[in-house]
Amino acid sequence: MSVLQHKNTLDSAAIRAQFPILGEKVHDRPLVFLDSAASAQKPVAVIDAMANTMRTQYANIHRGLHWMSERTTEAYEGVRDLVAAFLNAPSRNEIVFTRNSTEAINLVAHSFGALLKPGQAVVISEMEHHANLVPWQMLRDRAGIELRIAPITDAGDLDLEALQTLLADGKVGLVAVTHMSNVLGTVTPAKAIADMAHAAGAQVLFDGSQSVVHRKTDVQALGADFYTFTGHKLYGPTGIGVLWARKELLDAMPPFMGGGDMISTVTFERSTWANVPHKFEAGTPAIIETIALGAAITWVESIGMDAIAAHEAYLTAYALNRLQDVPGLNIVGQPQDRGGVISFTMADVHPHDIATLLDRNGIAIRAGHHCAEPLMRRLGLTATARASFGLYTVKEEIDVLADTLVRIRDFFV
Amino acid sequence: MTQVLDGSALYDQLIVARSRTPLFAGRLEQAEKVGNGKNPLCGDKTRVELALDHNHISQVRHQTRGCAICLAAADLMAERILGLSPDQALKVGQRFSALLVEDTVPATHEGEFEENAALGPLMAFAPLRAHRSRIRCAELPWVALKEALSHDDV
Amino acid sequence: MSVLQHKNTLDSAAIRAQFPILGEKVHDRPLVFLDSAASAQKPVAVIDAMANTMRTQYANIHRGLHWMSERTTEAYEGVRDLVAAFLNAPSRNEIVFTRNSTEAINLVAHSFGALLKPGQAVVISEMEHHANLVPWQMLRDRAGIELRIAPITDAGDLDLEALQTLLADGKVGLVAVTHMSNVLGTVTPAKAIADMAHAAGAQVLFDGSQSVVHRKTDVQALGADFYTFTGHKLYGPTGIGVLWARKELLDAMPPFMGGGDMISTVTFERSTWANVPHKFEAGTPAIIETIALGAAITWVESIGMDAIAAHEAYLTAYALNRLQDVPGLNIVGQPQDRGGVISFTMADVHPHDIATLLDRNGIAIRAGHHCAEPLMRRLGLTATARASFGLYTVKEEIDVLADTLVRIRDFFV
Amino acid sequence: MTQVLDGSALYDQLIVARSRTPLFAGRLEQAEKVGNGKNPLCGDKTRVELALDHNHISQVRHQTRGCAICLAAADLMAERILGLSPDQALKVGQRFSALLVEDTVPATHEGEFEENAALGPLMAFAPLRAHRSRIRCAELPWVALKEALSHDDV
């Protein structure tokens, strides 16, 4: 059975009606938003959750003894339960709220990094987003940790044999790889990677920024030790991200930032830290955004991650087919398992010109190095154009994309 | 271009033509002034080489790896500054920047811009103002030019 | 002229109408919200700014070549100009967006701290919030920096003579003190502190979390080198804060977190950093919250910081008067210059019981150590009750507070 | 209390009375079991001392620095557990926790809670359920008790 035979199981009209922005026009054309991998649009449920919090029930949390503070604390802490269930984490106390995925990874590089010893190594892959690369470089330069790069195959899959070789000397303390590439769409074989890492005595971190959006995530089934994601790609607000880690690791790690709420007692001489997860949440957190992330998760789950995955698999297969027919178009990467992200180039047309001309026609895609410069170098490119899909994307939008690409090519050649 | 593709206003025929077939691409055998421009955001880069004769730009070549806007901007810049003094060339550059950044197309200020600072074919880039993220593509060659002219020697 | 003669210059009815939450009831009583120092309520202008962004104009910023991204980038970067003007900063490039004040101070402790040498010292005061204490302890323990504590007087003012003594040996690299105490309400003499610090070769950081809300801030007139504040206390959303620092300092400081958007070029071997302020803004920032912070600043400035300051000075004087009449009530601190924050204790009634009984009557105050445990110890207390005022607070609310406190005292004694 | 002060439901007269004049405050001359509870959020603390006789609690004292809720909870706990076996005392504690945390007042589960686990005057704390931030104030003495009873020796 070809993937093209997947039934489109979502009620797209009803879903799209939940996203006010999808009714907007851009350059007098209806908006075709194919840049969800950069950041997704927000459903009414999320917009209302934020507005209602600010309109009816808001105060600073945790230390307040009054009604508004108690209720806001409950709403905030309730999202920890939602996120734990969303990731199938063993405990709500393993959920740390951060600004975004980037901060979550920096937190691990700082605090778990402090437990690594000079001479130990961290392995990342050739297809990492800068968010899962630069923090490890900074750790390397600060702490004498070796940084090893697991190569990818020409098809855009992680080279597991090469990874095995990198793990062989037993020096690796952490394997930190993406669970889904934001450029190639590659979904990595997380369980296999975790097993290899664990067999070599290493912990494993998955950057789930892209993948949690598209499929059901189960950190226990994946064998993950750390998992990160970012709210704004999951139809939630900006300013909120998540680090999940095994409690035992969080307990052992020193705090990242100091301040209110992360302490147990403070004297000028010495402070002691609050329990996990609060040890890692210094200062007033993104209260309103966390509550809205909860609304996003509840909303996405009401649709169902499996239905979303099926819808996007259908769309992706359809798009790969349609784009192959565009003259001069070259799809970058042929991974074994791909999420709803497609990078491409076009002979004789620079990706920036593609993006601008699509934009003139109401179509939003991304062009550039996608915060993955070393991957671009590996691919021998300086930039690609990238179309990415969300649960609100429909087949007709892919048709508009493909048709417009044909015209752009005609225009330039 | 078929009529359904919106973008003709932005990608003037001149821009498309020059990006496809630049007239000033390449290197000079004896460059007196060299400047480079690089946009770290996208990796586009351009190298501008000049020769001067009696304080006038007598030869220009550019090597550009970039988008159509950047390529055409480099080529049309080369054409425009040929024969100008360095000061005159930089004035054209200022005026070009103003064209891209300001909300209204700059009128010729009396006295301030001499005739030589007129933009001519560079006016093709005016619609870029509506695409701010692309302005730096058009400015890149001028950044390289500025660098070339600010060096005392090669 | 007594402060009680200040005219109440704000149109309080019109202002209160802008805050939907102020119409709520708590335990069947109208909400009297006197906990703004912990976090302020949000005006419609802020709520709408967030909702409108998500409804009509949103995408990830900086790297997008399409209309939604360009417009969102403009809105986000426009707030940098607003904040620069709000603080009278010399340049928009000196404004770094953070999650909150806590992160801003941690950023300085990490990145400016990296420029300090073992043996150098940081001076803080006895009345710091944990946010301006714990990060410096962590720096001390990590980098061999000495931490010196400038005492306060019994009235609750910074002891300038003692500060002078702490600066005398020329080893101090940074004086980091609050611009307004969240417990005592003390407004510190920032200019005098800055002059003393500079004369001793030290830089100076002011924690403006409380003070920016109440008065016009001019970082140049204050002679500040670093200044921090937090959006949620300034009637803005959670998840957004600000670090201002002199460009020269920001240029010299290494980055705090690594990731997308803060780099210039990345290879596996080496990365180079973007220019200031982007070097300090890794990953997708709090886009929606930053835009809403801009709305908050615009709204507050439309009322006028001077009018707000006058209103609050009037309220504070009125409250000090009214509270003095409550039997058994003791106001903590008599600083020379006080913002709209009053801490108090009551003989025979624990602050927590005060807070709970006020809450039963619809009145929200805070009770506890206010994230300033060492200050509590200095004052010989474990907790205080604290009432704090915002621009929407009115005299009648203070009357309700004072009357209810009298009844609480009767209830317990 | 004047009738306009809302809070009487929460601060039962018994709670107010015991917080003002605790009956079990102080220390034992010969404590066999000691436990401490501290709430880092507010600095409140309590120390519970016990003496046992034939596996029954024969004497209890507490030293408590805290709010009215915490003080009264310590004092009423002391009164309630006097004469119980350690197991019975801990069962009362479980039931007390359930009272505070669960949405409905727990009915006596058949068999599960014997008569000795009835809450009696501790029911005065039931309205705390509406003030979740204060629940730990009432639980603090029970935390100390648990610690006291989990130690094998003093």
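For clarity, chains are labelled A, B, C and D in written order, and residue numbers in each chain start from 1.
The rule we apply is simple: a residue touches a chain if its C-beta (ideal position, glycine included) is under 8 Å from a C-beta of that chain, and two chains touch if they have at least 3 such contacts.
The model shown is predicted, which means the values in this text are computed figures rather than measured ones.
Common neighbours of subunit A and subunit B under the contact rule above are C. Distance from the subunit C centre to the subunit D centre is 39 Å, each centre being the mean of its Cα atoms.
Between the CA-based centres of subunit B and subunit D the separation comes to 81 Å, rounded to the whole angstrom.
Rounded to whole angstrom units, the spacing between the C-alpha centres of subunit B and subunit C is 47. Residue positions of subunit D touching 2 or more other chains, listed in rising order: 41, 131, 134. Shown for subunit A are the residues that touch two or more other chains, namely 27, 63-65, 69, 263, 265, 352, 356, 359, 367-368, 373.
Contact between chains, using the touch rule, shows up for A-B, A-C, A-D, B-C, C-D. Of all residues in subunit A, only 20-21, 24, 26-27, 31, 33, 35, 38-39, 41-42, 46-47, 50-51, 54-60, 63-69, 99-103, 105-106, 109, 129-131, 133-135, 137-138, 147, 149, 230, 232, 237-240, 255, 257-263, 265-268, 270-271, 282-289, 352, 355-356, 358-359, 363-368, 371, 373-374, 377 touch subunit C in the complex they form. If you check the complex, the residues on subunit A that touch subunit D are 63-65, 69-70, 73-74, 263-265, 274. Interface residues of subunit B facing subunit A in the complex, by the touch rule stated above, are 1-2, 4-7, 10-11, 16, 20, 41-44, 65-69, 131, 134, 137. Subunit C meets subunit D in the complex at residues 27-29, 348-353, 356-357, 359-361, 367-369, 373, 376, 382-383, 404, 407-408, 410-412. Of all the residues in subunit B, the ones that touch subunit C in their complex are 40-41, 131-134.
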